[in-house]
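Both complexes below contain chain A, partnered by chain B and then by chain C.
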Partner chain A sequence: MSSFEFPSIYNFPPFFTKQPNNSVWKSQLQQWTTLVLDYCKHYRIWRLSTAGTPIVEDATGVPSDSLFTNSIIDRHLKPEVCQEIIASLVDQGRAQWIDKTAQKSVLVLWYSISEWSDLLLNWVDSTGQKGVVLTLYEIQHGNLTLSEEFHSIDETTLTQALELLEKKGKVLMMKENKNVVGVKFI
Partner chain B sequence: MGNSGSKGLSEQDKAILQLKLQRDNLHKAQTRINLVIEKENQVARQLLRNGQKERAKLALRKKRYQESLIKQVFGQMDTLEQLISTIEFKLIEKDVLYGLQEGNKVLGQLNNEMSLDKVDKILDESDEAIRYQEEITDLLGTRMNQADETAVEEELEALERETKKTVVLPDVPTVRVGVEDDKETRNEQKEDKPLQTQKTPVAA
Partner chain C sequence: MTWKKIKATQSGRPFFDDIDEVIVYIQDDIGLYQDNTKLDKFQTVRFYLTNKRLIFINELFPEENYYILLHEIQEVSLYQGFINSSPKLILDLVKTEGEETKRMYRISWICTICSFSNHVQLDKPLAKFNEANNEINFKCSMCGIKPERLILKDGSSKADSFEPELKPVEATTASKRKHRCPQCTFVNHPSMLNCEMCNFPLRDKDSFDDSDILLGSKDSTTFKLSFHDKKVQPFSDKLQHYIEKSQHDFLKRFNRMNMNVVQQPASPVGPSKETPKKGIHDLENNSSNFIDSSFLNDSLSGLGRLMRHAEKLIRLSESMKPLMMNLHQCSHENHQLISLLKSNKPPHKINNGIIVESDTKKSLYHKEVARQLVEFILNYDLVQNDFISLCELYKLYNKSRGLNLLSPSTFKLICEQLENVNSIVKLYQIEYHNNNSFYIISKTSSTNYNLSNKVNTLLEENPSDLKQLQIAMNNCNFSILKSVVDELCSEGVIVLDQSIGGNVYYINHYF
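Take a look at the complex of A and B:
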């Protein structure tokens, strides 16, 4: 996997300090949130801690250090600023708290749930799999999805996208012990 | 597909789901075994570097065992995949058969609406209409004949007038012939000019 190309502002020391001027801070916050989303999309990071470290099961090719630390210029964001950036992502609908009370990590949505559901629908159409029973596993890890954006997608994100499609009447859910194990697109 | 869609999830769907879940489990097992094989490979290399040949051999034996396991997994995967494909294709065949059945029903209904009595009646009406048309054609034919006769008489009168006019013609041609002679002489003069022009470039 190729290395993520950071924007030039990432090497600008003041970028790692919350600016006192309110309008400057808003701009800074927007740039940080954009950076987080682009970074996670590049490395296909589905979960991120508030410290900025990826939460991955198999860490092949994904950097393990914090996104909020730049060792080249020896700068890092303070924990409370990190928290504000992550909270801003949640407010924008680009992230979800994994545990709302603890607020220590988030599900990163570089595509929204609605966009994921559209991508799934298009894939099923283009592969001629309407009316076919599909398991969540084959959607996540199957050969047919290798070139799709949602290959290796987090199960929680996938389930939410499918639930959205279910409400629209596009999908029938197959459950075992209240867990979704399969779907059928109709 | 519309048939199965309207019913929602069928027993066949649930059966296919179970088979696919088993296939997924085998796929996961495959992934795990591959990791173990790779790990044993690395262990063997490390042991050889440390000069522990017997332990390296042991690690390689474990690796071969894992490889034999993965062959079994592949075999089972193939069997499951074939079974899944067969069932899915049977469902397609079932839909095709259903389509044929519905087609036959519709065809039967249409045939019922077209009874033989109706067909005979329509053909009889058609024959009557044809005969009626022929009578009309005959009547129109007679009238047309009368019209043709009057037209022929008019043409005769016209021809008679033209024959009278032709008597006057002999006087006119003498003047016309003279005009044509003048044109011919002019053409000859025109022909001479290009010959002269052709000679001058030869001199050059």
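Take a look at the complex of A and C:
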């Protein structure tokens, strides 16, 4: 996996300090959220801790150090500022708290739930799998989805996307002990 | 004696060479008159009364500043003003021999050929002319015949006395004024000593003064100070007081004390007061004698009471003596303290003495201190770093004053006057949106001088921390710089980078 190309602002030291001016800070926050989303999309990071480190089972190719630390210019964001950025992502609907009370990590949605559901639907259409029962594992890790953006998608995110599709009546969920095991696209 | 020029400082205060010279009173907005002529140049001058001199500073013509020594003022009289005319102080200057020689000698003779009456002005008395050298070379203006020396002598002896025939109108009015009875206005014959009508002594002191002024006016030694703001009394009182004092000092210095004491009884005032025992007024005099004697009795008994009180006071003072001795010691200690204070010289010294807020007009006082402050700032080049904060200046100035410190509020009022005293420094208020503001004193020439701009350009070249900025800005006041930078930062013009290394400021290019 190629390494992520950071924007030039990432090497601008004041980027790592919360600016006193409110409008400047808003702009700064915007740049940070965009950066986080781009970064996560690039490395396919589904879960991110508030400290900026990715939570992945398979860590190959994914940088282990925090996004909020720039070792080149020796700057890092203060923890409370990191928290603020993540909270802002959640407010924008681009992230979801994994643990609502502790607020230690988030599901990063570089695509929103409805965008994911659209992508899933398109894939099913284009591959002619309508009416076919698919397990969640097949969608996540199947050979057919290797080139798709939702390959290795986080299970929580996938379930949410499928639930949205079910509401629209596009899919039938097969549940066992309240756990979704498979889906059938109609 | 005339007015002499004096140099003024940049801020328009007189230079004092003498350390003992102290400003006693300041009065502005005075118009100057010589005799009765308005001197157009000097219509809004500011007078400084010191313990030695009377100085005026002319702001409209900065070169035209003059002073006069106080002991050269012979007499001060006061004219209270009337409707539109401002109250005036009339100064009579002492005449000197030097001026006497400058006077022109007028000679007149009647030509023996054509009988024309000639008038010639000479710069020295006729007796000093040497006939042999043929210095006398004036001729009759009618026929051109030279006069003989003998005739000239006759004419000169007549002409040397003041010539009333030259100005007949003035002379008659003057004489009329002299002979008019001040009480009933009856114009008496010049030879009368007392008024024919009311027996009032005609030649009283005032009439003599009058003639003195007239005499002085011929050599133009009379000056009038017109007080446009109509408050003449305080100035007049102080002036009188200090003139008396300086005349006294002057006489003392030259051992001329009581020199004229013998001549005093010879003054004509004494005999003229005596009224003749004639006329209707004799009776009135008798009754006034009676009143006098009863008054004398009263005052004698009063004097007796006074003596008894004095005895009591003496007894009291005897009983207080031990206490007074203690007090004396105390004051001695105080004196030591003051001398210690004086010897302890501050790094900056105020040149022209401390100005004390006395009964001088408030705004005038502030302006005056502002002038002094300008000198102080310029002398020590306190604005070399483009500006100085009000607090710093306050501290320095008060330290230099040593005594009679100013309160912060007064000092601010004074600084607000800085721009009104024709000066080159000015008080600026730098305001911030969080209602904080501070004051700096900066050169007026750099009015467009803008701290924030300077900070901006410096940061544009090189992102730096506060210390670097301070050095780049000639070591300017840190707290001011800090507030300027904070302000810029909160405006979002510059951005902050906080790290272990400290706060570094950058120009905001990204946000």
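We take it that the second predicted complex is superposed on the first by the 186 of 186 C-alpha atoms of A that agree within 3 Å, B and C clash if a C-alpha of one lies under 4 Å from a C-alpha of the other, contacts with A are read in each partner's own complex, and residues count from 1 in each chain.
The rule is short, and it goes like this: a residue touches a chain if its C-beta (ideal position, glycine included) is under 8 Å from a C-beta of that chain, and two chains touch if they have at least 3 such contacts.
Small disclaimer: the values here were computed from a predicted structure and weren't measured.
With chain A as the common reference, the superposed partners chain B and chain C fit together side by side.
When both complexes are overlaid on chain A, the residue A:21 reaches chain C alone and has no touch with chain B.
When the two structures are aligned on the shared chain, A:172 is found in touch with chain B, with no touch to chain C. Contacts of A:182 after superposition: chain B is touched, whereas chain C is not reached. Of the two partner chains, chain B is the only one that A:131 touches; chain C does not reach it. Legend: residue contacts after superposition of the two complexes on their common chain; A:31 is shown touching chain C, with no touch to chain B.
In the superposed model, the vertex angle chain B-chain A-chain C (Cα centres) comes to 130 degrees (nearest 10).
By the document's definition of touching, of the two partners only chain C reaches A:75; chain B does not. In the superposed pair of complexes, A:144 makes contact with neither chain B nor chain C.
After overlaying the two complexes on the shared chain, residue contacts for A:12 are found with chain C alone; chain B is out of touch.
The least CA distance from chain B to chain C in the superposed model is 44 Å.
Across the superposed pair, chain B and chain C touch chain A at no common residue. The touching residues of chain C, when paired with chain A in their complex, are 486, 489-492, 495-499, 504, 506, 508-511. Only residues 9, 12-17, 19-21, 23-24, 27-28, 31, 74-75 of chain A touch chain C when the two sit together in their complex. Residues 1, 4-5, 8-9, 13-14, 16-17, 20-21, 24, 27-28, 88 of chain B are the ones touching chain A in the complex. Contacts from chain A toward chain B in the complex involve residues 130-135, 137-138, 141, 172, 174, 181-182, 184, 186.
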